[in-house]
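Each of the next two complexes has subunit A plus one more chain, namely subunit B in the first and subunit C in the second.
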Partner chain A sequence: MTSRQKGLKKSLVALGMVAGALAVSASNAEAADPIKIGTFLSVTGPASFLGDPELKTLELYIEELNKGGGVLGRQLELVQYDVGVDSKKAITAVKRLVSQDEVDVIIGGSTSGATMAVVPIVEKAEVPFISLAGAVAIVEPVKKWVFKTPHTDKMACGKIFEDLQSRGLTTIALISGTGGFGKSMQGQCTKLAPAYKINIAASESYGPKDTDMTAQLTKIKGVDGIQAVVNTGFGQGPAIVTKNYRQLGMTAPLYQSHGVASKKFIELAGDAAEGVRLPAAALLVADMLPDSDPQKPVVQGYSAAYSDAYGGSVSTFGGHAYDGLQIAVAAMVRAGSTDKEAVRNEIEKTSGYIGTGGVVNMSEKDHLGLDLSAFKMLEIKDGDWSIVR
Partner chain B sequence: MDKLKSPRTGGLLILMAIIAVLPAFLDNAFQVEIAILIFFNAIVCIGLNLLIGYAGQISLGHGAFVGLGAYGSAILTAHQGWDPLLSMVAAATFTGVLCFVIARPILKLKGHYLAMATLGMGIIISIVINTEDQLTGGPDGMYVDGLSFMTSQIHWYWLIGAVLVFSVWASLNLIHSPIGRALRAVHGSEVAAEVVGVDTTQYKVLIFVVSGVFASVVGSLGVYYSNFVTPDIAGFFHSIELVVMVVFGGMASTFGAVVGAAILTILPQVLTFLHDFEHLVFGLILMLTMIFLPKGLVPTLADLFKKGDKS
Partner chain C sequence: MMGKLYLQESLSDMSAEFLQFLFSGVTLGATYALVGLGFSIIYNASHVINFAQGEFVMMGGMGTVFFLGLGLPMPVAILAAIALTTLFGFGLERFAIAPARGASVVTLIIITIGASIVMRGLVQVVWGKEFHAIPAFSGDEPITIAGATILPQSLWVLGVTVLLVLALRFFFEKTIMGKAIIATSLNRDAALLMGINVRFVLFISFGLSAALGAAAGILVAPITLTNFEAGIMLGLKGFCAAILGGLGNGMGAVAGGMIVGIAEAMGAGYLISEYKDAIAFVLILLVLFFKPSGLFGKTGTERV
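Now for the complex of A and B:
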């Protein structure tokens, strides 16, 4: 035994005590007077374009609700953790929300990975959970405590196929990004195509960092009888596809996904974007909606409130958070309490709620509650969106 | 009595005592979760510390080995219907063999080149996991059933706690064996080690394999515990996180690895109240520690105590 080893022992004891003290101080079991709304979002990292507007929206509207006297006479309190795109962090954050912060409802999960990772925890803890992520798998099959507000890629495929049908086009080619979004949507479109009697005659893919897709498009051009091309993916890939498409002189209608539904896409693709069609949420074209559209006041209101508070333009992602919060608050009001079982039941009964994503009618079998009318088919004309009617 | 005071037995006993009494101070599931996370990280760090701290070889790709263990287990149980424990052994064997195969060419490199090679290997594994979505579920991750006999969180606490104690014990014994002495000789000077008859390559390969297997087993257990795995487990940032834990706690100190893992797992949770400044403060704490405690936390503090004893 040396004095060094003795010292090591002492320091270990000291550290053990520090760790213990930290653990104790981290617990604050105060009486829960305000209604606690928990959220875990990708506020930083590669998915921050999702998490940032989501968090800002929640903060904005919770503050607004509190100014108006709160909900059920109680103030709302937002408990938030940034989880980046790390599913392990998401799991830790949700365990913290349910067992330490003891939140009444969870609205969050920017990415499908983070949402799917926490589903087992939420189901076990029995806390109502409204996810803000895209994948169909979140609500199919239905999970008792899990709901979501964003449109699914399956719906986007459906909307595109519906439009193809109305134009009498049946033979198409798919070109997909290999990122999570592009791949998932490619799978959904392939599965859904027979139901709309659409024949996918060619399917090509490109990597997330590819800068030229002429090879894939030339291949598609060589296939006989292609009447339209559908591109699934987001980021800069679809803009390059669009440019290459025009450079190759291809004239069949080109469809993009809801993943590129932002002004950025038109900027990147420039003139080549003319005539491109894509499904998108009403929020994007708030001012162009006909006055008869029940969604118009909702999306205009949200759009104005968000821009006033933070500047810049709204994104559909923030809209998903808005819808999630409104649905949860409405359910609490109807339930008359924050009893988790009662709130869950009321969320499931949500019907006729008009949000930024569309008209929501949930049921025991449908924890999303949106139908294809939630998407507007847009066409790019003169460098701006226009609604296809 | 003297034996009790050596880190091999004394330190181990203290660790066991901490693990045994800790649940009494944890008053909710979240705190137990953090304790379990610390155990997981500590086990990987102990393995990594053997490589970095004792053999002096840096690895910036250890997250990938954790990922291999996790996905190996996940794929074998979810797609092939294998028994979870058998899958874990299979995944660990695969990782071990992979480490063995790549160790020889990789460990011939030194310094920055070795770092680059392990970094590259880690990124390749991470890309494969991300793109082979038929098998791995791609970026959205995959769901895996857990161990059927582990019904509550506290079971996991005891299991992983036991694995941690075993890892510390194994690591301490390894260090104090001829292998450990040979490794330290390699760290000091490879040429000198070879002159006195140490087969440096063989020892470096051995320790690379051992630390890879440590990581793989943790990956497997982790996936059974959380029932879900996404590719970021094998990512570059996870690898860096692990190296930081080892360096922060103190290289060439098994307990340093444990303490580093504990502090760097707790710290981000404590700092969440800072919201936007969380990462800034986290970075600042790391920088200050490295500037003022360059040997790492445990060795520096141990030296301080030693000085205190003498005066």
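Now for the complex of A and C:
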């Protein structure tokens, strides 16, 4: 550790001393040196279900790009640090990425915690940074050097409310897990509800390890005029909520979040999952998309490439990394260099990029660039997804 | 007239709500009771609190998932999972508890905590980290009683718990082996002098506890789902049940389990649902303050 710190100090000093010299020789060095893409992900630990597919995706596509001659005639090099779910490790990793490894762009940050912890560093170092984490706080308010690819829980609320409106339902109940994801989405939905003229008549919560939610649901059942119930949560909780919901004979439409958009949810909730609706990324239903959908070839292509290379099925999380890499590479190509300011400006100008997450149109005011069309509203029918049109 | 009708209706609404909370309370309570019984049996035989009891519960559920995955029919998978867990119980006694025979009770308790971590780790590595569901024994169609609903699986939980409790009573009161366990718990040295194989008693009690735990885990898995960590909370709640009823008192553990389960469901329903898990621990604190030997424990039985 101490030798590393020494090394860091040394390189910082060196950086200061030869800054001028570097600026002069930069154009010469560029031709031969690889383009460095830095990343810090939760490859191990409790959030490894995020970081693992993200890293695999980056490795897969960087190798592919290099086989095709690289970008701007230069090869790509991935510099990666595994930070688990430790924000301190993320800070150390990003400091090394910007000062020691001198990466050209950073794509990473599996969790919102890690991302938010490193924002001040990348803002100060002025390195383009595309985050792969969910929280809306990453891009609201807009930070000059920070972008992100995944959908936000605010968008999920919006998508659900849009669907409620189209069904003429206005009075709803929320039931939320007290884990980070459930709590955050509950807050976003509560804030967003008035804009859609949705009245939240009851709001209940349950612990992340709770195994019986009949008490909470019975309370909701006792409130008059509830037309639909929205469950914000992650993991096994929503499956138990769904089972309890049917047990209590509740018939109002039940909505789940994009947090449970996986086949596992259907498996756990069984027959009780029939009729449940939830917003999800197009990647999940790649083969069910109509041929006219511009995302279809993209998500099918990524899905096939990932499964071929690593086996198993794709997750939306790997897709976020795919989108981040493609956006960064396209920006470099448009900028014609890896000049950080130019690349940042080009990332901000990304428009009409069709990715796994949706169609991305960024702007000065929007460093995410997705609208509600990025989510598909799914309904579970006969133990499988179906797209609600 | 209208007012009276409305009152009647809201009264029946309220009683349906109460009944609903009661149903989920007794279902939870029955599970806690089974887990608590497991604690009591081992405590009686050895004065050890076996903190791997929750892991026996988890193994029952996860084992059934595994054997079902092999394509075995449900009853066979259940028996196989119970057998496997019982083997683990025997193994825990033979390879971890027995070699430390001379050690203090606290040391033995620490050994069981270690065993619980090993079992969680093993299951995590061998069977994975994901959640699993077992199909309900007789369908998912809820039964409606006076406006409240109960799952057929809950009836299974209650019914099997009653049967197991009766069987255990018979075992302890009418069989030589059961009497030997009771004798050992009352006075280990005297039991030894009477020719009771105290080591064998300990061995059997670990197996019995493991089997009970596994049964509890299998019964609730269709309702609560299961994964490698499912035993932690169930184990703690079962421990609460055992303490509440008075450690070592079998019927006390059953009553304690029911009290904890119903208090949780009522607390979540009428007070605040977010802190449901805290209710059991608040109960424990209250009991330890005012009646340290538990609600049904013999007062002043200082065991030396």
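Assume the second predicted complex is superposed on the first by the 357 of 389 C-alpha atoms of A that agree within 3 Å, B and C clash if a C-alpha of one lies under 4 Å from a C-alpha of the other, contacts with A are read in each partner's own complex, and residues count from 1 in each chain.
Just so it is clear, a residue touches a chain if its C-beta (ideal position, glycine included) is under 8 Å from a C-beta of that chain, and two chains touch if they have at least 3 such contacts.
Only a predicted model underlies this, so the values are computations on that prediction, with no experimental measurement involved.
J.: Is A:Arg246 touching anything from subunit B or subunit C once the two structures are fitted on A? First, second, both or neither.
T.: After superposing on A, A:Arg246 lies in contact with subunit C but is clear of subunit B.
J.: Now for A:Thr44: first (subunit B), second (subunit C), both, or neither, which partner does it touch?
T.: first
J.: In the superposed arrangement, which partner chain does A:Gly270 touch: subunit B (first), subunit C (second), both, or neither?
T.: Only subunit C; A:Gly270 stays clear of subunit B.
J.: Which partner does A:Thr178 reach: the first (subunit B), the second (subunit C), both, or neither?
T.: Touch status of A:Thr178: both partners.
J.: Between subunit B (first) and subunit C (second), which, if any, makes contact with A:Gly113: first, second, both or neither?
T.: A:Gly113 contacts subunit B only, not subunit C.
J.: On the A-aligned overlay, A:Asp82 touches which partner chain: subunit B = first, subunit C = second, or both, or neither?
T.: A:Asp82 contacts subunit B only, not subunit C.
J.: In the superposed arrangement, which partner chain does A:Lys365 touch: subunit B (first), subunit C (second), both, or neither?
T.: Touch status of A:Lys365: no partner.
J.: Which chain, subunit B or subunit C, ends up touching more residues of subunit A in the combined arrangement?
T.: B
J.: Shared contact residues on subunit A for subunit B and subunit C?
T.: In subunit A, positions 178 sit in both the subunit B and subunit C interfaces.
J.: Which residues, counting only subunit C, touch subunit A once they are in their complex?
T.: 13, 17, 20-21, 23-24, 27-28, 130-133, 135, 140, 142, 144, 149, 151, 220, 223-225, 227, 229, 233, 265, 268-269, 273-274, 276-277
J.: Please give the residue numbers of subunit B that touch subunit A in the complex, ascending.
T.: 2, 5-7, 10-11, 14-15, 18, 22, 25-31, 33-35, 37, 131, 133, 138-141, 143, 226-230, 232-233, 253, 255, 259, 262-263, 266, 269-270, 272, 275, 278-279, 297-298, 301-306, 308-310
J.: Within the complex, which stretch of subunit A touches subunit C?
T.: 178, 204-207, 209-212, 214-216, 218-219, 222, 235-236, 239-240, 243, 246-249, 264, 267-272
J.: Residue numbers of subunit A touching subunit B in their complex, please.
T.: Listed in rising order, the residues are 1, 3-16, 19-20, 22-24, 26-27, 29, 44, 80-82, 85-88, 91-92, 95-96, 98-100, 111-114, 116-117, 120, 135, 137, 178-180, 183-184.
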